[in-house]
Every structure is written in structure tokens, then in C-alpha cells.
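In what follows, structures are represented as C-alpha cells.
One chain, subunit A, appears in both complexes that follow, with subunit B as partner in the first and subunit C in the second.
The block that comes next holds the complex of A and B.
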């Protein structure tokens, strides 16, 4: 009997010790990002980590390498390692829902950054760039710069990502009103600079006479521009990107790219980290989807902007 | 003997558990119905919005003359009082109503002169973007499972405006006609160019002379 009481006392003291240790430990935030092979996402992840640190939390960045299976492993790892929140930049609007749901079922809040998942309840909140509205404006500018006529090429991002189609549809909602503008090729280059260069090179062989290129992100715009330089057509063809990445901003200053759309990854990442902090402090009511405005950047207004944001 | 019975029972139990619910039958029609139910019908949503909700919300629209004078007085206050939006960006939208006499008709616009002397341009050719969707404040992003559905609504509303509002109107309208309208306006908050504003028509009526 004495032994049993002793065992119970020992067990109770051990568990209380463990609880107080847990209470003193800083909360941990996992930052799961679609890819770190693109400076824009590196900036997004590092800004989220910096903000989490400022708020007093530990954080770790996980690179999904645009692979939903790897992303799933990261979620399992984050759940089993006792992370308290996940700041999430998904790889796939539909395929990533299961991962966010898994975390939710484990009691871990998920805050999506920039990219969307097709669910209103798997994530606690989704902080998204309003890509469609920005591309409506970018489309209007494209029409003006090309003088309402000419042949053009569109390079799409990852086809399973909603941003790809929101950007493309916004652009076409403006441009398709002008019959003088003819899209001679539309191909995916997966938001990747090298792939965009290869795709653009092959398109130029089939369609050497083009006046404009619309790209779903800046990395692809830079790749397309390189292909145009190699084909000696860079001065004639107007290239449009999307993101507000450093090399694109510099290229607009130098008159290489015509325009981009400035997303605000700092605002997105900091809002996501702040929401996690609010959640830990007891707030449970968040906007399901929070669209962040995107602004068109050209040579005329470039002085207002720096890479990834405003001056 | 008892051991054999237990053994067979355990084997049966094992396979029973393994196969339970592994195969089941459901009518194809039931599967199709559940699949269709999850597909968002942007066209139907747009139709209800434009042809039912917008006319019902007429009293919520600000008179275009009141908006213009409020803008002249204090544009910041006017944006706070009358604009609607989905994001905190520079572009904001206004739900307006008004009437005027047709002074010009061209490919892109029908121009009106209001009783208080303002010149108003109604867009009849290039109708795109989110003005028609966001001006009224009746549609929220939280009502949609993804932003593609929300953006498809804009496209469908704009198509409907062209087909069901603008086309029958342009077939009849003449210089000198008196017009009543409901519409949407997009203005930049940092640089509101009210002299260049275009109204996206949401409802158009030619009043009898």
C-alpha cells in the first residue's frame, strides 16, 4: 500500500513538473512555405519568422519545395513536435486543405499567407493578395502600353494554384475586350525563372512577332526578358510581371520590364504572425479571408516603391 | 475443439473488420447530385444579384449629384461615408443613382446631363473589373469558399450587364431621352478624378417623353 501511495505521489510530481515546464516554454510557430527557391517566398518566410521572434515565439521555417507530399510531412512533423500554430503558404489550393484540416483537428491554428486553400473553415484565417483586382488594373495598363493592338504571350504560374488563375482571369477581363490584341501563346512556366526562359525561347521560335508578354510573377517575367534579350527583341517587347520582387523593381527602374504589381509580403507575413499571437492570447474570431490590396508599379511611380513594399 | 472455434472466430473477426465498409454501393445519380451541389454556380449567383438584389437595394444608393458635391467638399469624408470595398487598397467603389438627359451617344459611352448640370458618362462598351460586384457592398468575400468563385461572379455580372442591361438599352436610346439609372463607380482614393469617372450601369430605364 505504501508503495502504491509513493508511486502515485511520484507520478503526480512528475506530471506537475512537466506541466510547469511546458507553461514556461515559449510557444512555437511552424512556418511552412511552398518553396524557398523564389526570393519572394524567402522574404515572406523570413519576415514571418522575424515577427514571431519579436512577439516572443520560437519559429522554424519548413520548405515544401512545391510538393504537397513533402508539405504533408512537414505538417505531421509540426503536429508531433508540439508546434502551437502554423503560418502556412500552401502548395496547392485543393490538395493542401487536408493538411490544414489535420492541424485543425490537432487543435493547432493555421494562418494562410498569400496563397489560398479552397476551404473557409480548415484555416483559422487566410491573408491573401487581391490578385484579380490588381490584374484588372495591370490589364488596363497593358492595353494602353500596347496601343490596343498587337500579339502577346501569357506565361502562367502553377496551374493548381488559385493565384495563377486569379491573375490570368483579372488580366483577361480587361484585355479580352480589345479584339486588336491577340494572344498567340499561353503556357505554364510554374512561377520559375529558368523554366520561363526556356518556354519563352521556344514560343519565340514559333511566334517571332510579338509585342507584349504578361507573366504571372516577376521570376517568370525576368526569365522571359532574358529570352527576349537573347533573341534581340527586348527593346520591342513590353514585359509585365507580378510580385514586386527586387530584381523586377530594379528592372523597371532601368526600363527593362514595363510594369509589375506590388504585393505586400511584409504586411501579409506580419499580419499572420500577429494573428497567431492574438490567438494565443484568447482571440478566436478572425476574418476568414483577408484580401490585401496590390498596387501597379511602373517607371512613372517607381520612386514610391522598394523591393517587396513601399518606401 | 474450443480452441478451433476461437481460432475461426478470430479469423472471421479479422476479415470482417478488414472488409467492413471497404465496398459499398450507391446510386450514380446520388453521387452526381452531391458533386453538382459542391460546384458553385457563378452565373445564377450573378443573375440573382443583378436582377433581384440590386433593384431591391435602390434606396441604399447615393444620388450621383450628392456624391459629387460631397467629393468637392471633403473627398476623405465622402469615401468614408459612401464607398464599399473588399480590400484596404486605393480603389474604392460607390453605388449611385441618378437621372439625366442624353446629350451624346458614341461607341463607348452614353453621356447624360443631370438637372443640376453635371455631365455623366455611362459605360456601354468596356465593362470589366469589380465595380459592378463591389459597389453595392452586398457581396462579401466570406460568402465564398475560394476567391476564384468570387472573381467569377464579377465576370458573370459584367456579362449579364452587357447582355441584359446595355444591349436592350442601346437598341432604343436616342439623344434627348430622359434616363434613370443605378450604377457603380470606381475611384482612386489617393487621386479621385471625378471629372473622368465612368458609371458602370446596373439598371437603366428610358423614361416616357
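The block that comes next holds the complex of A and C.
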């Protein structure tokens, strides 16, 4: 029995040697994404999976459900079931560092997508979309479109979410320089279209005279717009979103929403998958941080864009 | 019998007082609260929660709970939206089934009813506690929603479908009409029919109900099916209002429904409570949501206030039943 095992082990070691030389078995890539409850992240994860498949790798999507603990489980499972790289969309800049470090210690490269982790060496590379500076730009456009004065409303996303505050802070860093612009209400609508509509309906009762609405994502912008239509105020109020989702792109085309910020999940996901491919082929030197520019989309330049990307 | 009647009267009375105090307070604090427009706003916003909460009341009266209503709402709404937009096509042969507006609405309600029926079946035939069975359904139905929508919203459903959510009939929003019809039907069922009496009897004392010859399994299955159907109606209302079926629709709606039931004076241990109490509970939650936004209360504090109101309602309720 012992001899048999020894023979098997020898055989296995020989064959595995052979395999790694010829790379017969496709490498496996884990895609760990913060949530699949939002179309933007679904698109990110699916694009990464598609690109990995094109490059000849197996891949599997793990949904962390915005929960760092669940994310930690996914990392442990991915490590123990022999994944060769992790394309990672972290749930939390600080809370996710430990997970990325765990993978690094196991010799598995981690490529962050869209969101950052607060560590310079846990991830092999971070391909980031900068919500903050995008909202700085969006805020400048907001100031222009409203003519530097007027009352406006801000709809925040989930208040315990990093992105909510990055976007809000970026926006305010531009807008707060203009004392003529007065924020009459700042409420949370949880990134949710229905909640945004209901909150906006109530806000319009308290503040019937507003000139603009800034929303932390496109779903909320759509909901806010619907509330404005119902109150016959859609023509005079400018609605701003964030993400570049299909509904928002169509609405900007039709002149309903004023602007959104287009992030490029396709570019982010494909770059991450390509980096993993380069890594397998021997490249070890990657930019620690690769910012992917976010572009402001308005009716003037809408023809260049489709949902989640450029034409 | 008399005592039970007094208790339910007291529960009604107590939520009415709470609602009045809330309304008077908000009227003093904000001159925007007591307006016709805002009234319709609140009523439109709570109509979905009323439909779900009515189903929840029937379930809670049997001493059960239904945690799956939010997910069932999302799935049923998505099914209706998907069928309306693209029908069913079979790629193999050139068969295509399109759906009329009524067809999609009925398909949505049938979906919710079936999931509710499944809840009831598992709870009665396999003796799975309602908490666990519907907790499982909460996840499963959400998963079905993601599979059906592939994670993306289904939008632009046409003006006819949107009319359900945005239209008016005889000066009243259609959403409010739907809620009114649901409430009246549920009041008739709970007060005037044998089924209603059985529901109260099962929640009051299941063994006694069994000994008096009530088919407990059948009643429970009907109740969970109704809860599913009402969640589906809520799903169609939300979808039509937004002109879009969102994959994450109805998240944590079960909690709002349970809150309405509890604030309305229905006992979570079953057998005691009324539909009208739940309606008042839903109005209180709706007025509170509306009022906190009108007053520009910070979103952090809003959560604290809502939680405290629920706690207060139950504490008062407990004190009352002890006093008796």
C-alpha cells in the first residue's frame, strides 16, 4: 500500500511537472465581486469572466453580498480550491486588505477592479475608477448648468457604503465653493429607484422650488426624475446621476436627465483579466495603481456612449 | 368573546391615537405636511406596503411569519415585466407566446401565489417552522429574480402598464384603489367568513382548533398563498410605478410589513389583531417616513427614530394586554 502511494505520488509529481510546462490544464481565475445586486457590478463581473474565457481560462464569479466576512470565505475557498489568480472588486477599502493579503501569502496574484484597497503591496495591481474626481467634474458641470445659483437636493446612496461618501465629497468639493447654490435637502435613497422616487416626492412637498438634483447613482436619478414628472417639474429641474447605466443613457438622449458620469467597467474588467494573463505568462511588473478615467456624459456628447462604455 | 372584542378595540384605539399625535406634531413642525398633495403622496407610497402587510397580518394571526414577501414581490414583478416586454420564445421551433397586459398581470400574481403556496405546503406537510421556510424562500425567490433578470433592470414597459402605477380613477390614484379593494376583501375574509374564524382560532390555540375539526393545514396553505399573491400584487404595483422591474426591488419590505402589523396591534404569537389595525400601522410608518424627510432629519437619525417607534408600539401593546 505504501509503495503504491509512493508510486502514485511520484507519478503525480512527474505528471504535474509535465503539465506546468505544457500548460495543458487551463488556469482558473476567481472573480470576487462586492455585490451582484446592482447591474453595474453584474456587468463588471460578467465582462471579466468573458474576457478570461477568451484568453483561455476557466473562471467563476463569487458574490460577496457587500459583506467583508463573506468575502473572506470566498478567498479561503478560492485559495484552497486551487485558483491561480483573483480578480477582485473589494467590498471595503480597509476591511478587504486582509483578504487580499491572504491570497498574496498563498502565492496567488490579486488584481483589484474599480474599488481600491488601502494597501500598496497586497494587490499585484489595482485598476481603479475614481469616483471622487469624477464627482468633482460632475459638480463643476452642475454649477455651470444651474448658473451658479439655486436650490438643490442631494440623494445619497447607502450611507454605510464608501462609494456614497466618495461621490458626495467629490461633488461638494466643487459645489460648496458657490454660496449661491443652496442644498435644501440631503437624504438617502439607498441606491434604489423606488426609494428615490418616494423620498423625492416627499422632498418636493417641503421644497417645491428646486433647480437641481444630484444623485449618487443612475437608478436614484431615474426615480427622482419620475417623481419630478409626476409633480410637473421635470422641465425646470436638472437631474444628475452617476454610473452610465442603460436607462440613464437613454434618458440623457431624450433630454430627461442632464448628465451622468460614465465609468468604464468593460475596460476595467478586461484590463484586470489581461493582467492576469500577462502574469501567467511571466510578467511580474505591473503598475501598482492604474486609474481609468471617468467621463462626464451629457446630451452634447451622448452619441459617443452606450450603456457602461463607448460605442 | 367579549374580552377578545375589547382587546381588539383597544388596539385600534391605540394606533389611532398614535397616528393623530404624529399628524398633529408634523402639522405644527412643517406647514407642508397637511396638504392635499402630500396626503396623496403618502397614500400612494404606502399602498404597496398595505397590500403586503394585509397578507402578513393573516399569516401572523395564525401565529406564523412570512419573511419571503419582499423577494416574492421582486420576482413576480420581474416575471410580469419580462413577459410583457419579450413574451416567451422557444428557440428550437418558431413558437412565440406574447402576453397581453392582463395576461402578464395574472402571470405575475400566479407566480407569487405559487411561491406562497409552496411556503404553506412546506410549513404544513414537513412541519418546517414558518420562520425557516420563508427565510429559505426569501433567498430562493431573490435568486430566481436574478436568474430571470440576469441582474439587469427590465425597463420601458409601455404607457398602459405604467398607468397602473401612475394613473388616476375617479379622482383617486389607481394604486390607492388597489389597496382599498385589498383591505376591504381582507376585512370581509377575516370578519365575515368561516376561513376568518379558523385563522383566528388557529392562532389562538392550534390544538383546540384541531380538536374542533378545523383543517389546519388547508387554512395555513390558503393563508400563505394569499400572502404570496398579495406580495405579487405589490410587485406589479412597484414595477408599474417605476416603469421598471428592478432586480433588488422589495429588499427588506418584509420588515416594513412586520412593523406595520406589530404597530397595528397584532400579536406576533397569533390569534389577536385586525386588518384595520395593520392599515393604521402602515399609515403610521408612511407618515413617519414622509415627515422625517419633510423635516430634513438626517438619514442616520431616521433609522433610529423608526426603530424606536416600533419598539414603543410593542411596549404599549404589551402593557395593555397585561393590564387586562
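Just so we're on the same page, the second predicted complex is superposed on the first by the 247 of 311 C-alpha atoms of A that agree within 3 Å, B and C clash if a C-alpha of one lies under 4 Å from a C-alpha of the other, contacts with A are read in each partner's own complex, and residues count from 1 in each chain.
Here, a residue touches a chain if its C-beta (ideal position, glycine included) is under 8 Å from a C-beta of that chain, and two chains touch if they have at least 3 such contacts.
Predicted model only: the values in this text are computed from it and were never measured.
In the overlay built on the shared chain, the residue A:162 is in contact with subunit B alone; subunit C does not reach it.
Legend: residue contacts after superposition of the two complexes on their common chain; A:209 is shown touching neither subunit B nor subunit C.
By the touch criterion stated above, A:76 is placed in contact with neither subunit B nor subunit C.
Judged by the touch definition given at the top, the superposed model places A:37 against subunit C, while subunit B stays out of reach.
Once chain A of one complex is fitted onto chain A of the other, the partner contacts of A:177 are limited to subunit B, with no touch recorded for subunit C.
In the superposition on chain A, no contact is made by A:54 with either subunit B or subunit C.
In the complex of the two chains, the subunit A residues touching subunit C come out as 36-39, 42-43, 156, 159, 184-188, 192-194, 197-199, 201-203, 205-206, 219, 222-223, 226, 230, 246-247, 250. Note for the complex: subunit B touches subunit A at residues 86-91, 125-126, 128-130, 141-142, 144-148, 150-152, 154-155, 158.
If you check the complex, the residues on subunit C that touch subunit A are 30, 32-33, 35, 37-38, 41, 44-45, 146, 150-153, 155-156, 166, 238, 241-244, 246-249, 251, 289-290, 293-296, 299-300. Residues 93, 116-120, 128, 130-133, 136-137, 162, 165-166, 169-170, 173-174, 177, 287-289, 291-295 of subunit A are the ones that touch subunit B when the two sit in their complex.
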